[in-house]
Structure formats: structure tokens, C-alpha cells
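Alright, structures below, take your time with them.
One chain, chain A, appears in both complexes that follow, with chain B as partner in the first and chain C in the second.
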Partner chain A sequence: MHSKPKVFWIDAVGCNGCSHSFFNYPEIKELLNKVELLYHPLLPSPEFKVQKSDILIIEGALKTTYFPRLDFNLVELISELVKLSKKVILLGTCSVYGGMFGEGVLFNKQKEGKFFEFKEKMIALPGCPPHPEWIAYVIEMLVENKNILLDKENRPKEIYSYTSHMGCLRNEYFEWKIDALDFGTKEGCLFYLQGCQGPFTHSSCNRILWNEVNSKPRAGTPCFGCTEKEFPKKNLFKTETFMGIPADIPLGVSKRAYLTIAGIAKSLKNDRLNKRLIDENN
Partner chain B sequence: MSKEVKKLEIMKTALNLFAQNGFYTTTIADIAKEMEMSVGNMYNYFHSKESLAKELLIYTSKIFGDEIKKINDMNVSTEEKIKEIVKLYFNMAKEEPELVDYFMRVYLSNKEIFSNGCEGMLCVSAFVTEIMIFFEEGVKKKELKNQDFFAAFGLFMGYIGGLAFLFREGILGKNLDEYIEPVSENIYNALKA
Partner chain C sequence: MKITKKIITKIEGEATLKLYKKDSLIEFAEIEFWQYRGMEEYLKNRNYMDACVINPRICGICGHSHLIATSKAIENALNIKITKKAKILREITLGLEIIQNHIKWFYITLYPSVKEINYFKALEFSREIAKIIALIAGQFPHNSYAVPGGVTCDLTNLEIIKVKNFLSKMFDKYQEIIDINGKSEDLEILFEDIPKETGKGINKFLVLGDNLYFKSNGNAEFIKEEDSISLNKNVLYKGSFYEVGPLARNLENYLIKKVYEKYQDSIYTRIFARLYEVNLIFQYLLKRIDEIDINEKNYIKPTKKSGKGVGIVEAPRGSLIHQIEIEDEKIKSYNIIVPTQFNLSNGTKESPSPAQASLIGEYEKQSDLIFKCFDICAVCVSH
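Let's look at the complex of A and B:
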């Protein structure tokens, strides 16, 4: 029988939201039984010490001014742990890009990060937080010693090839360019007025649902683009426009092509969707 | 002569006749006569006068759109681009007045002809898309004020369209070229950030 992979889960500068997301994974007990947990900041685990691991999970961002642990500052500590690990999972947008709190491990927003030289052994799982299923998928694949296809930013293709727009229940409104005029309405697309970043955000939020039932846009909240480098942007509930034209457009098309098709769709008017589908007064 | 080339010739002939005499006064027979074709043969190319009018709208919109795209691709300031667009429009009003006349006298004055199949942006998207890109890039470069698209579009196109109309009516006291500078300046001052 093979020995269980050793997992070291370190908390850098963050909110522990990624850990809490993971705690919502329905089969967490079974998954944790497949590994030997060397350390976790919130789960019962052995004493914290610098040591070798098969899988190092880094949650949170880097900051040199952070309080020292074991006489190391945070960057030195991460450096030691990364060198002693076989694989590194960068958990959450803070860890991958910097997010709310500081610098990312692999990237510093758009630029290369302090540990870019270790890219080969890193798997990036951005998200604020990442979905528990995404975390479990990567851990399971590593435990099973299976190959995970990664994109140029080392994100698993199975999760981040899609946009959070894919699978959104409001797609029919997007097709016909019918906006949700108010926050919290069940009908209408959130892209044009309400700030939704779904069409250009790499994630599977509308394919692998949260709590197995929902996603932000399904519930009436715009996608905040929490898996992206520049997260968090300002004015998350308002679409940034230049002369009425969305500043960011769906991935993979030119602005010219998008404006043409958007103008045509709007001109054709979908009478069914232009009025409320469920109108209690009519 | 290929069918496509012939079709284009019919369109150009129709464009002139529609622009000169109006849509309703011009008949398929008039166009056929000008083309030295039989009326029956004309229907091999266009099944109705309305369908010809719609194709012409797409055609004129594409000509304007292609020219504005060239301006959009120029590496110059937005102020300079405004001047180029004004110059382009006024030159067309002088050199190819039928294009401008068709847009203003047929399309904008007889919307009922275009109500089925050319609604909204459907037949003019080539032109409107390029204008959108022009405005969007101007705002992005912080050279134009970020405002409602149609408020800016109306100010720009309404203004130069109005001048071209006055020119075609013979009301302008001066040559249209002499208005390029002051009109461009006014538009820039009205739209700048």
C-alpha cells in the first residue's frame, strides 16, 4: 500500500475564506482520509514546523511586513516551504495574483511574482474563494497522480477554460441585449448595467454551482470577476462604459464584431423577453 | 458581365434616381430604362423596389463605414479624427452627393420602406459600429467626455448632416470646404473631456 501524500496547508495574508469554502465540500472527510495533513491553520493538525511535503497549499497573499513565524518573515517562510514541496497549490486569488491583500505568489497582478521561478510545480486556483469542488478536484488528481492540464497561467483547464457566463440562466437575455434595469430582479441580463463580469471572467461558477444550487448571477448579483488578476475592481455593481459601450467585452471577439452583433440583436427586439415573463400585475 | 457586377450597376443607377427624384416617384421601369434593361429582367436581380432600397442602404452604410474605419485606424488625436470625419462627409456631399442624399432624403425621410428588415441598426450597422468605436476610443484616451452615446452621436452627425443638407439646398453662402475647420472645432469643443 502506498503511503498517503503529505499535505501542508499554510495561511499567508488573507481571510481564511478559501479554507471555509473547502469545509463546504460534502465529501471532505473522505478526501482528508486520503492524505496526511501535516498542518492546517484551522483543522486539528500537528505542530507547525518547516518540513517536506508532497502538496503545499498556500492560501493568502504575500507581505514582507507580516508578523514573523518561526523567526521567518512570510516570504522567507513560503520560500522554505516551496523548496521542500513537490507540488504547490496556490489557493485563491490572493495567492495567485495578490487579490485584496498584497502580492500573489506566482503573479503580482499582471506581472510575474516573487516565486515565478517555481511555476513548474505550481497549480493556480484563483477565486474569492475558489469553489470547494475545484479544490477537491485538484487535490484528488494529485493524490491519484493524474495529469492536470494547465493553461498559460497554470490554471486547470477543466475549470478555467470556461467563463462564468457559460451556463448562466440569463443567457437568453444576453443574446437579445435585454438589461436588468434594477438590482435583484429575476429577469434580464446583468452585463449592461449591473456590472456583471461573467462574459470575460475565467471560472466555472455557472457549471459547477455553489452549494450545488446557485451562482451569483442566478441569484441576481453580478459576477464580480473574482478569479481575475485585477480583482477586486471598483464599483462592482455598475458596468463601466465608454460613451455607453461596455469597457470590457466577451472573451474571444473583437470590439468591432461584438458591437455589430450586439447592435443587430438589439435591433431585432425579442418581444417575449422585452416584457416581464412573470408579471404579478398582468 | 457577372450577375454581381450587373447588380451593382443597377444599385448605382437606382441610387442616383432615388436620390434625385425620391423613392416613391422612381419606378422599377425608370431604373430599367436607365439601365437599358427590360423590367422583367430587373426582377431577376431585385424582387421588389423595397428590397433594392434596403440593399442600397446596406451598400451606402458600408461605404461610409469602411471610410470611417480607415480614420479610426489612424494614429492621430481624436480632435484630428473629428476633422477627418467632417472632411470625409463634406467631400462625399460634394463628390458623391447621391450617397448623402440617399441617406437623408430616402432613408431618414421614408422609414416605412425600411420598417421590415432594416429595423434599428440592421442595415446601417457597418456605419454605426465605426462611429461607436470612434467615440469609445476617444473616451478611453480621455479626449472625449464620457456621456450617453446618442447625445454625442446626434450632436456630431446631426450637425454635419444639417450642413450637407443646407449645401445641397444651395443655401450655404460659402463653399462646403470652408466649413470643415469651424465645424470640426465646434464638434470637438462640444464633445471634449
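Let's look at the complex of A and C:
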């Protein structure tokens, strides 16, 4: 019998949210049975020991100021662990880009990060937090020694080729350019006024639903682009505009093409969508 | 005297425990946290709404409490009233966050420090609880659906029925862990070889939040933070340490009071109160959900742009306080006081904090359990 792949899970500077997100994976027991868990910050695991691993999972960001972890200097500890591992999963936006707590392991926001030289063996799973299905997918693929198709930033294409806009329940309102004027309504698109970053955020939140049932935009909350380099940007509930035109437009189209289609859609009124969706009076 | 330094892991984050011993008994203990993330500074000069995205990220297990405390602080600063419907929805999601926390804490944090246990049953339970939160709030962890003025969602009766049925189902299921009469097989097994009187605290209790069925017994104006030997600040109420959390806020419950009268504020009472609280929250939520008027507004737009406010909630670990100052929609200052700071302050031998008092006079081999029964969140402390 082959021995199980050894997984070492370390938490850098963060909130443990990636772990708690992973805990919601429905088949977590079956998944963890396929690996040997050398260390996890929360789950029962053997005594902490710096050692070799097949898969190193890093959750959280790096801080350049002194930040102790298990009696080590954090950056030195990460350096040791990275060198001793065959593959590294950078779990969450903090770990990939830095997020709100510091620098990422692979990138420091837009720039190359401290451990960029190890890019070859790294898989980036940004998201604050990343979806449990995404985490499970990468672990499974590595356990089964399957090839994961990665993009330029080492993100799995099967997850990040989508935008969080894909599958959003408010898509019809986006098509007809009908804005949500306030929070707390079923109607309206959150892209024009409420700061929704769905059309240009790489993630599959509305394809693989959260907790199997919902997503932020479906619950009326804009997408904050939590899988992206600059997360969290400023003024997260406001759409930045230049002369009335959104500063960021949907991925893949030119500004001119977007404005043409938006202008046409806006001039053609959709009577059904301009009313309340559920109204006892009509 | 012998001194041992222990790093306590498998809590949310990590802490260092310095134990001063004489004849293998703990004479005094010091609790140290050395991590700092600078959340309060990070919030400065941002639009106050950004705090609804940033603050849940203070903590992966109780971030929703931080979101609700944030919205309440802003509402307090800007004189915003929310509808009853929005209030009930927030109570449901916050109550459920407490439930998923307690079950994970009992089976993943606490139990393995004494005995082996199949912790997957806890994950199965907490996953279902997270699903109910997501039905209302979009996702768990890290949603931002509670905004100043109400909630962002606009539920139909379909979701409300689903939430209600889900709550009933999980309440039923919880009876296998601890039933409504307080019987719990797992809890008794945990205490097979441990005296139930172990780890008495300071017997002083404080409740500052008034969410769910909890009743405040104090006023946050009397709270003071002071520097301590570690990075986390001590928290005092009228100059004294107090215990916050499930035991403090449930002492009026008949069953919990009975256990308290028998074992005082020992680790057994503390653990019992925390486990049993889940039953009380389920009962409360099942009653409250029927009071939702679907026709009420979900959200009312704020009009004021400046002000000072406080938001307090009873979070999984106790009273959580957020203080904000807003000037022309921008955050001028922000201060966060978390429950773990109350319970794990560093006092003196003569006047110890609740956690220090529980450790004094006990054997070192019990220190892990005694410490963890406060449900420490080092992540929150290192905000």
C-alpha cells in the first residue's frame, strides 16, 4: 500500500477563516482520510514539528514586523516549510496577495512576493475566504497526481476563469441596466451604484454556491472582489465612476463596446423588470 | 519555585502560558499574546461602510458578531433605527454563529485536550448551522449582509419557512449532544477522571450586550482598558476584573443555576453553561422567527454623516464592544474590546483575572483544559 500524502497546514497572519470555510466542506471526513495530516492549527494533529511535507497549505499573510508563531519568527518558519515541501497551496487572499494583514507569500499585491522564486510549486487559491469546494478540489487533484491547469498567477483555471457575476440572480437587471437604488431589495443590479465588483472578479461564487445555498449578491450584498490583488479596496459599497461611467467594466470588453451595449439596453425599457418583482397590487 | 512556559495551540490562534509552580501546584499564571494585526489603524480614514467588510475578517469563527457590533456602533453614532424584521434576522444569524462556535469549541478545541473523539460529528453539525446563516446572509464565514440601517437581503416566505424547519431539525439533533434537561453523555465522559470542582474563577460576572434573550447587568461606560505585561490590554469594569461569556449571561436559567450552586464557577459549570446555552438559543430563535413581518422594510438609508457611537453584542465568548467616531462619513477612530480580553487579563496574585484565578491552586496537567474552557480567541485578541 502506498503511504498517504503528507499535508502540513500552517496559519500565518490572518483570521482562521480559511480553515473555518474548509470545515464546511460536506465530504471533509472522506477527504482527510486520503491524507496524513502532519499539522493543523485547529484540528487534532501530531505535535508541531518543522518537517518535510508533500503538500504545504499556508493560510494567512506575512508580516515584516516581528510576528511570532510557535516560538519561531513567522517568515523564517514559512521559509523552512516551503523549502521542505513538494507542493504549496496558498490558501486565501492573504496568503496569495497579502490582503488586509500584510504581504502575500507569492505576491505582494501587484508585485512579486518574498517567495516568488518558488512559484513553480505553488498553487494560488485567493478568496476571503476561499470556497470549501475549491480547497477540496486542489487537495484531491494533488492527491490523485492530476494536472491542474493554472493561469499566469498560478490560480486553477477551472475555478478562476469564471467571474462571480456568472450565475448571479441579478443578471437580468444587469442586462437591462436597472440599478438597485437601495439595499434590501430583490430587484436591481448592484454594479452601478452599490460597488459590486462581480463582472470583473475572478471567482465562481455564483456557480458553486456558498454553503451550498447562496451567495453574497443573491443576498443583496455586492461582490467585494475578495479574490483579487487589491482586496480590500476603498469605498467598497460605492461604484467608482468617471463622468457617470463605471471605472471598472466587465472583463474582456472594450470600454467603447461596453458603453454601446449599455446605452442601447438603457434606452429600451424592460417593463417587467422596472416594477417590483413581487407586488400584491399588480 | 519552578516556572514553565507553555505555548497553547489549537485555540483560535495561540497564546503563551507562564506557570509559576510550587510542589507541582500552580501558584500564579501569566497569559501572553504577542501578535498584533492593527485592525483599528487599518480602518482609519475609510468610509464607515468599509468596516462592514473589514471587521468580519477580525475573526474566522466569530466574525459575524464583529459585523453586527460594527453596524450597531454606526447606527448608534448616526441615530439610525432599524425595523423589527431586520433585528430578528440579525438575531437569527448571530445566534447561529454562537451555536456553530460552541459545537466546534467543545469537540475540536476542548475534548481532544482530554480524550479522543470523533470530531467530524461536530463539523457536520456546524456545517448545517452555517448553511442556515447563509440562507439569510449569503455565506458563512465572512458575509456583510448586516449594514447600518438594516440588512441587504430581501427574503421571501420560502426562505423563512426553510430557515424555520432547519432550526427545528437542528434543535432536535442537538438533543443528542445535551438535551433540554441538561443530560449529556459526552460531557460526563469528559469528566470521568476530572473533579467537577476544578478551576474556579473569581465569581464575578458581567453581561453588557442585550441581543437575543440576554440581559445586560452593567454599563459599558465603566469599562477601562489598561496596558498589561503582554500585547493585549487588560479590561476592567469599575476597576475590577469580571468574567464574561455563556456562564455570566445564563445564570438566571434554572438548570445552569443549579449546576452553579453545586460546583460554583468551576470548569464543569462553565462548560455546561456553554453547551446548554445552545438549547436556549434554539428555543428563542424558533419563537422569534414567527414574529417576522415579511412586509416590513429590510433597510432604511442613513441620513446623518457624523457622530460617535458604541455597538455591543453578546458574542460567542461574551461581551464584545466596538466604538466608532465618524466624521463626514469617514472613520476618525475605532476601538475594539473583545471578550477574551476580559477573561484573560493579567492581574496580580491578590487580584487575578478569571482565567488566572481558575489556574491558581490546580495541577499543571489540567492547565490546558482549564485555560481552553474559557474558549480563547487569540485571533480576536490580536486585532
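General observations
The rule we apply is simple: the second predicted complex is superposed on the first by the 274 of 282 C-alpha atoms of A that agree within 3 Å, B and C clash if a C-alpha of one lies under 4 Å from a C-alpha of the other, contacts with A are read in each partner's own complex, and residues count from 1 in each chain.
Heads up, the rule we're going with is that a residue touches a chain if its C-beta (ideal position, glycine included) is under 8 Å from a C-beta of that chain, and two chains touch if they have at least 3 such contacts.
Everything quoted here is computed from the prediction, not taken from an experiment.
In the overlay built on the shared chain, the residue A:T221 is in contact with chain C alone; chain B does not reach it.
Between chain B and chain C, more residues of chain A are touched by C. Within the superposed three-chain model, A:K269 lies in touch with chain B and out of touch with chain C [touch as defined at top].
Using the contact criterion defined above for the overlaid structures, shared-chain residue A:P26 touches chain C, although it does not reach chain B.
When the two complexes are overlaid on their common chain A, residue A:L259 makes contact with chain B while staying clear of chain C. Touch criterion met: A:T241 reaches chain B, while chain C stays clear of it.
Looking at chain A, you'll find no residue that touches chain B in one structure and chain C in the other.
Remark: chain A residues 11, 13-21, 23-26, 28-29, 41-44, 48, 67-71, 100-101, 128-129, 182-186, 205, 210-221, 224, 226, 232, 234-238, 278 touch chain C in the complex. Contact residues on chain C toward chain A in their complex (touch as defined above): 7, 9-10, 12-14, 34-37, 42, 46-47, 49-50, 52-54, 57-61, 63, 86, 104, 108-109, 112, 116, 119-120, 123, 126-127, 130-131, 133-145, 147, 149-154, 156, 297-299, 301, 379. Chain B contributes residues 119-122, 125-126, 128-130, 132-133, 135-136, 138-140, 144, 146-150, 152 to its touches with chain A in the complex.
Of all the residues in chain A, the ones that touch chain B in their complex are 241-245, 247, 255-256, 259-260, 263-264, 266-269.
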